[in-house]
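In the two complexes that follow, chain A is the common piece, with chain B as its partner first and chain C second.
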Partner chain A sequence: MRTKQLFLVALAIMVSPALLLAAGTVSGKVTYTGTPAKQKPIDMSKEPSCAKQHATPITTETVVTGANNALENVVVYISAGGPDELNAPAQAVTFTQKGCQYIPHVLAMHTGQELKVVNDDQTSHNIHPLAKINREWNKSQPPGTPPLSEKFDKEEFVPVKCNVHPWMHGYFAVLKTSHYAISGDNGGFTLPNLPPGKYTITAWQEGYGTQTQDVTISGNETKTVDFTFKAKPY
Partner chain B sequence: MNAISKRLVLILGLAVSVGVPGFAQQAHVGNLTGHAANGKKLYRRYCVGCHGPLGDGNGENAQWIDPKPRDFTAATFKCRSTPTGTLPTDQDLFDSVGRGFTNSNMPHWDALTDRNRIDLVAFIKSFSPRWTTEKPGDPIAIPPEPAITMQSITHGAELFQKMECWKCHGQQGRGDGPSASTLTDSKDNPIRPYNFAAGGDDSRFKCGVTNQDVYKIFITGLDGTPMPSFADVIQPNDAWDLVHFLRTLQTNRHSKENDVLKAAGGKIPTKAPDAPANPENKGSGGGN
Partner chain C sequence: MGKLFAVILTVIALLSAIPIVTHRWYGSGISLAPPEDISTHGHAIDEQLSETMIEAGLSFLAAQLLLALFVWKSADRKGDDKIKTFPGGAKGLVIAALVLVGSEMLALGVLGQKAWANVYFKPAAPDALQVQAQAGQFAFYFRYPGADGKFGALHPDKIDEGNSNFFGLDPANDVDSRDDIVSGELAIPVDREVHLLMHAKDVGHSFYVRELRIQQDFVPGLDLSVHFTATKAGKYEIVCTQLCGLGHYNMKAYLNVLSQADFDAWLKQKASEQ
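Right after this comes the complex of A and B.
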């Protein structure tokens, strides 16, 4: 009897990774052509507690690029055909204000997922998501106060700003899927765990807009989907 | 009326109520019920010039006006009794129409009857679908106001530093803080922080004249503007202390707060509002 149980447990352990592996992956790279706008250094002299956290002034982040024309901070996600995901992941996503900068600059989350906003600075920030489809709100967060907890119900790319420190800009990408990735410093992204099916992949960059491509996953395979945005020099 | 024309009337009636959902919009204040259909006529007469036929704040006068007329299609309102990010109550909108907005081109419409104003509120609510999909927020609770004392004013002055109100409003509340010149509203139009020191006995806040109105302003925030909500970060009694201090920034306005301050020698001890700010020390003290 005990042997049989052990056998079943062992079987389950062996089978479960195999089941996971039956899912496909979409990966690729986001690049740009042309000349992206030059990012400007930020003058934080009005906020010394933040200025001193940066050895050299940080720059604006409307376009962040890497080697070989890589484009960073692009949200790549399954916009159609994805597994039905009505339920938001239970764990929260975190948006941190540190050195009068938003970390990360673009934060993706599922509709209804808990968003935690943390103030790591010794100054008051006001978190002001300029939502149009969701509700616009604006909350003060003085230093030493606990994280704010919020959520957004509808799909939207929401610009976020701090009115006290006007150089602080970021984005909340509120998506109806948890199959998303943000391109890294090499422009790369990976969307794993996709069951067989036909998908629309959308890439969004805050200044360059969106692009979409269709891809079919037929089993345990990795499909490559690359995106190229035309950079605007202004 | 024969059967066919009866049916026609029924169909027409349905078409109106279904096809133009906004017109079914109502508003309630006390035992008054406002109707959008009545409000529309009044809107066309009194409001359309600035707020525009579509309610988007793009009336023909809008280009000459600063701050810009409210865009009702966004359903974002400054003066509310409800938390930031929520719709105001009908009473909030009714009061706003009657009160008008100081330092703007919005006059007070108290010459209109209560019935006219509640009809207008009902019509204003037809410009955004939010009024059919969302409910107004629950009005914030305002605890009874404690006595106005020097202790309360002094603590309020400390909070003015700690919450960094001065970053926008300035150390003397003159609307000239370090961030003041960079402020924009949610439509990217420049906007000025409130200057407490301007004006005399008739000086008003945007959302009313009473101490309760001041309390409401910084707990709810003024949505659509840089003024945030402090609801999560300030305790009710602390909020009242801040109200008492803010009144002393209205130096030319007669108030109980200014009387108390004057009787105490006119100076706020240790943490005078014009003392050089050291937000870092405050911050580390409050860290937990």
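Right after this comes the complex of A and C.
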């Protein structure tokens, strides 16, 4: 009898976290229809130290596509229904300037999360996030200086440019959630660890704007949500 | 003591003669001379600068040596000696010097404007290669009209640097702009006149190529132009010589003077990238 009770207690201890953690996943693919704008090679001839880092010139990244109409660099995130998150993740996100290019082109972060800006080049950069809701700033970063540390307090998609190299362009996606993903080279994304509930999923592309879809997670399941953007040739 | 001053004056005058003597040692690296001229009009400007250098230099030398001579002669005055004055008073001499220097300056100006006007007042030949130059913080961009020979209209509101639309073209609606070629370097064919149409995107900048003997400001709101013919293939630096902001030190581009065949190939390559 005693052993049976112990067994049940042990079973309860083992099962209860699994019940509490019952977590769904939203995954899917971002694609486009139509003809996206042709990406142009970037002329960096004025900055030889950067130009020589690219055997073939890199191109602009306003629309980055993959095989089977996959659309990359799309930020997919929980815009409504997610749990309130008061604290930003402790780990910093990093934005690197290398070969006079921003890596990654689109960087997502939580409001209040530390952002580190690294200059890997032999030239000075002047990073300038063109924030409208957050405070706008621009900082000069000569070669060899330690990473800059910054943070954004409000939710916003911030275009980023370099005041020294006009072709350098990127985006910060400042979100109020840590449930976000950026579509990869097959257009795919995964939002794991979603407790049961009703969510609004938003997909944002820098030139095509946003799309939303609602999804309900009712346990340990994976729901598929696909987004399709209409591409324009110009 | 006075004689020592006269000697120092002479030494200073003779040392100042060094840049005058060496001012035409182009490309030697020793003198202040600019690098070798690669333009058809540059020799007239060099000639004019040389003339100015020689005349002003000789006048300077003569004045300094004369001053040294008088200092030497009038030095070591005893306490009871009368102060020596110029015989007949200085008035006539001062007037003569004014007239002499004035007419010299006037002559240099009148003759010099010929060299200048030849570049800035004479219109470019109608068949000159038209290239548009845009200066903006902190880079130059150049635009070629493409196969149709027409520049698409500019729409400042359409400027989108992240999309490499530095000029503000509207290819969606404006057919002329679709084949326009935009480049970060200025490639031109050798021995062909180039008509550079210049405008500023933001603040004042300047287009300066030492080897071309061309320096022209970009003035916001004004469409300015220069024309020139490069005579020697090679790669030369275009620098901004008007303080335009924090990144001014880094505002440059390259002038790439190519043979006609290389230029055609370059243009074709660039056109395919647009």
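Everything that follows uses one rule, which is that the second predicted complex is superposed on the first by the 213 of 234 C-alpha atoms of A that agree within 3 Å, B and C clash if a C-alpha of one lies under 4 Å from a C-alpha of the other, contacts with A are read in each partner's own complex, and residues count from 1 in each chain.
As a working rule, a residue touches a chain if its C-beta (ideal position, glycine included) is under 8 Å from a C-beta of that chain, and two chains touch if they have at least 3 such contacts.
None of the values given here were measured: they were computed from a predicted structure.
J.: For the combined arrangement obtained by superposing on chain A, do chain B and chain C clash, or do they fit?
T.: Verdict on chain A: clash between chain B and chain C.
J.: Determine, under the contact definition given at the top, whether A:234 touches first (chain B), second (chain C), both, or neither.
T.: After superposition on chain A, A:234 lies in contact with chain C alone.
J.: If we overlay the two complexes on their shared chain A, which of chain B and chain C does A:132 touch? Say first, second, both or neither.
T.: first
J.: For A:124, decide between first (touching chain B), second (touching chain C), both and neither.
T.: In the superposition, A:124 touches chain B and chain C alike.
J.: State whether A:166 touches chain B only (first), chain C only (second), both chains, or neither.
T.: After superposition on chain A, A:166 lies in contact with both partners, chain B and chain C.
J.: For A:140 in the superposed arrangement: first (chain B), second (chain C), both or neither?
T.: both
J.: First (chain B), second (chain C), both or neither: which does A:216 touch?
T.: In the superposition, A:216 contacts neither chain B nor chain C.
J.: Could you tell me if A:62 is touching chain B, chain C, both of them or neither one (first, second, both, neither)?
T.: After superposing on A, A:62 lies in contact with chain C but is clear of chain B.
J.: Please work out whether A:46 is in contact with chain B alone, chain C alone, both, or neither, and reply first, second, both or neither.
T.: After superposition on chain A, A:46 lies in contact with both partners, chain B and chain C.
J.: Kindly list the residues of chain A that each of chain B and chain C touches, one partner per complex.
T.: After superposing on chain A, chain A residues 46, 123-124, 126, 140, 163-166 contact both chain B and chain C.
J.: Okay, in this complex, where on chain A does chain B touch?
T.: 46, 49, 122-124, 126-128, 130, 132, 135-145, 148, 163-166
J.: Can you tell me which positions in chain A touch chain C when the two form their complex?
T.: 37, 40-47, 60, 62, 123-124, 126, 140, 159, 161, 163-167, 169-170, 232-234
J.: Could you list, by residue number, the parts of chain C that touch chain A in their complex?
T.: Contact set of chain C toward chain A: 136-140, 161-164, 166, 171-172, 183-185, 246-247, 250, 252-254, 273-274.
J.: So in the complex, the part of chain B that touches chain A is made up of which residues?
T.: Where chain B meets chain A, its residues are 74, 76, 84-86, 134, 162-164, 167-168, 178-179, 182-184, 186, 221, 223-233, 279-280, 282-284, 286-288.
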